[in-house]
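Next come two complexes built around subunit A: one with subunit B, the other with subunit C.
Moving on, here comes the complex of A and B:
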């Protein structure tokens, strides 16, 4: 029997989702992204059964397990037999949300659902009402771990369209340093919908790298939101790597509530075929002396469509804010489209805010140069495209992960 | 090896080559000289297959095959190599990776085994030494931030690694100091063989002291207006092009 506050929270969320319904393109934030097909589908809650998934399958889908502490979720349910928390040191805790709620519900009170606003956000409300399970990560004060914590969310569609609502809660205590990877992959065929919510609390001086690496299969809808609250002198590096799914919507929201806090937001999104990738970011500078830097790169081919919407808020008190935003996009075909829009809401006067966006094509001279050395045109295009992405991928700290992201990008580009 | 007949080519809206004839036999080195804007690089681009240059009439045969039918990468695999007048900077692609991909595509075409990373590294280092190129440049992005001279050396390095049948050097000597010039010449001379040929585009007699050509051509107004032995280069150095281009016009 779960805690009363939690039952109440989930009941409210369910009611709120009922009320809001799925967003429509009449809403400003969803203008470009029509989730009508998703809304019309009868989703069946995904099962956690995974007898047919071997560790080898998993390595093939993700990357070598030796590199990280691994925690696997199948359709949102924890799969202990596929997980291996081998490299956790220094008292770092990774528990399932269900265990945490059973053993120490009070510890989660105010945190769970504390950042992802389920009053306004339909998908966040749906997740809160429906989550099967999830991960709770705690990095104790002063602890620095090198080995990334690797959370794998495997969508495993069944015979009927399958949905899952994974949820992650992270508390990085003061002075800690860690890398957390959320890895979204698909096993098997079929239609699915992943609705993921992550909330991260960065206490003073904490330093967290968060990488969300989404490469689900083409029959999936992927909606995610990341919410971060940053206290004094904390540092966030959030990477949103969005390579898969037929429709992907990624929201990233960082609120800087302590002086000296800094956020780096990186994004890399790929559209092929008729896919749609929509990125909405919000950087909320709530107090003086906070800084942020944002670089999003879009690669759009076929008849795909990309959206980058970057909102920066500087609150009235937040003097000496320094916020830089850059959106760079590569169109690989004449049928592809990108909409990029900065939205600066600046209510203080002594601030530095900049934004810029570019839309370009592959450099024909570079293409000819590579081809003139015997490199096949398709390979040359893929190489130049990967090179375009490298400004973002180079910022990933983990070598294994960076390599995997680059390789996967090349694989997808060469197979198109 | 290379036979060009009545070649007409256009770039943009302009016709640049207007009935050019040229024949190069295996083992020969030909120099092409001529005023700025006369069409030398356009000729080089036609041979390498730059998509923005369109052949409108005439024939270009390489070992009896119609070159214009081949994609740039196919020409490279057949053994054509162009050292660019302006090598392109490619941020984000490592020089070593690029060179390895280039060599392996050629080896594959020739039915040879592809080199693995280790063997390739050994080869690349050895060739870098030959052209006196700093090894550090191998690990940088292709030409990115290279000095003018370093870019030219990188072209020569690629040529040395790829061992083409027909090498076209488009002003590889421009902007080089005397030592670098010697190095380029050494790279070229090391490749000289009875079954290979070279087309050396240059403005300076100086390079031809190191790479002695069999034939010197003057390209002006989109055509070869004069061909001769190596003494023609000497004559041009003294008299300029005026006396030739007046005839052409």
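Moving on, here comes the complex of A and C:
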């Protein structure tokens, strides 16, 4: 029996989702992304059964991991037998959301649903109303762990279109340091929809690297949002690597509420075939002396469509804010399209804010140089594209993960 | 630092052009329906097709108003406008003069106060002025001289009488009557404006110019400008605006249409200094304007330059439709908001033809409680091979209660396009100020100098006389902005 506050929260969210409905392109935040096909589908809640998934399959799907803790969710349900929750150093706790809600519901009160605004965001409301399970991560004060915490969200579509609503809650206590990977993959064929919400609380001086690595299969719809609240002197590095799904929408929202807080947002998105990848970021500088840096790169081929919408808000009195944003995009084929909207809203005067956005092609001179050295055109293009992406991938701290991202990117580029 | 030069004292700047002129006016009572439109059209003795066009626009406007589709997406806030409380026609009684000698001396002195004495203009080389006072054009200088070259330049109503075919061909061809809420309103009730046609291969020997002034209380001004540059023609057009100080807000909803055919070039410059309201944000002009140019021909070029220092609210997006191959669009803008002024301005560059190029350079300055927004769209359509755009939007903040916002939309549907956008926001450099002060330059002069430097790239696009005026305006508008 779950706590009364939670029941109330989920009831409200369900009502709110009912009221809002799926977003339409009439909304400014969705003007380039039509979720009509998603809205028209009758989704069936995905089952957690996974008899046919072996650890070998899993290893093939993700990557041979570190000596770190692995938590696997199938259609949003925890799969204990596939997970290897090795004891984590320094008392770092990773539990399932359902366990946490059973054992200590009060500990989650005010946190769960505290950042993802389900009043305004339809998908966040839907997730809050429908989440099956998820992960709760607590990194105790002063603890630093080198090995990443690895969460795998496996979509396993059934005969009917399948949806899942995984949810992650992270509390990084003061002075802690860790890396968290959210890995989204697909097992099997069929249509599916993943609607993920992650909320992260960074306490004073906490340092967290968050990587969302999404490479779901071409029949998937992926909607995810990341919401971070940063207290004094905390540091965030959020990576959004979006390589899969037919429609992917990623929202990243960091609110800097403590002086000295710093956020780095990195994004890499790849469009192939007729895919649509939509990235929305918001950096909200709410107090003085906060800084942020943002770099999003898009690679669009085939008849794909990419969207980047980056908002930087500097609240009144948030003096000495330093915010730099950059969006760079490569159009590889004539049918591809990119829509960017870097947006600055500044209400304080003693600030330094800038943004830059470029849209272009591979450098013909560089291509010629490689060709003159005897490198095949296709390979030369793939190399240059990979180099273009490396500015983003190089910022990933873990070597294994960085390598995996780069390899997968090259694999997709070469197969195109 | 002198205390009187605190950021707040910026508010104390005076609006130089806030006098009213006592000229006998003929004014239509407030209200908007078919009879209003019929009255305006009859006053101007317009042909039937134009009346029909106006009525279509009116019906569309009333429909939009009923559906409450007045645009709300811009970052400006104002109380709801009652379109029935506006008078749509105000004209000085004595009108349609053949020579300037017949113009009411009161009126002429108004223009003298504005610094554009029509008499003087005759002697000053180079500028032909069409002055629009409230709704009616009061005199066009140099008309005869221009006609010798085949250049048609006169008030819009005059043009309707004399060259109805040209008007019929081009009116609404760039901004259709149904284009947007305010364009609809303008199409229904537009009073007057300017018209110019530059024939094939003619380079207009002087700068054409219009001065707009709202004088009567409770009136709106709805002028319509149409410029057509035929193949290989060139014209530089200047537009200036002022209004008296009044407590109520006044509406100005203009439409400007430009058409450039093959190899033609139009340079359109605006210095907008409508009354901005007092230091508490009371009164001032609502400047809701639709300006658009069509580069129809190959290698044609349209260049917009604007200096926006006035108006309580500015809502305007001078745009270029780059239809012809190798056509070029440019937008240079300085927008200054002080006190409680709000500006939401920018441009649209629509690339349709091959190898089309566009440049956007926007400088926003916010002071006091001013809110300054750049909103722009660069769209490259699938067939616009080799399209190129470069945009730069810089904002300068003076004072900690103002805001600067940037909303650029880049939509690229062609992979051979290169589009770049850059934007920066910062306050005035302490070290720059210090450097100037240390050289014995007063705080105010230093700010003015730095702001002018910040805007230099735009100001240098203005024709000479205008550049001087614009610099002066910026200086006046910023008096005491930094303390």
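The rule is short, and it goes like this: the second predicted complex is superposed on the first by the 412 of 416 C-alpha atoms of A that agree within 3 Å, B and C clash if a C-alpha of one lies under 4 Å from a C-alpha of the other, contacts with A are read in each partner's own complex, and residues count from 1 in each chain.
In this text, contacts are C-beta pairs under 8 Å (C-beta built on N, C-alpha and C of every residue); 3 or more make two chains touch, one makes a residue touch a chain.
All of these numbers come straight from a predicted model, not from anything done at the bench.
With both structures placed on the common chain, the touch criterion links A:415 to neither subunit B nor subunit C. Once the two complexes are overlaid on the shared chain, A:390 sits against subunit B while remaining clear of subunit C. Contacts of A:331 after superposition: subunit C is touched, whereas subunit B is not reached. More residues of subunit A are in touch with C than with the other of subunit B and subunit C.
When both complexes are aligned on chain A by C-alpha atoms, no subunit A residue touches subunit B in the first and subunit C in the second. If you check the complex, the residues on subunit B that touch subunit A are 48-52, 71-73, 75-77, 81-82, 84, 87-93, 98, 101-102, 105-106, 109, 141-142, 158, 162. Note for the complex: subunit A touches subunit B at residues 363-366, 368-377, 379-380, 383-384, 386-391. Within the complex formed with subunit A, the residues of subunit C that make contact are 73, 382, 395, 397-427.
Note for the complex: subunit A touches subunit C at residues 28, 316-317, 319, 329, 331-361.
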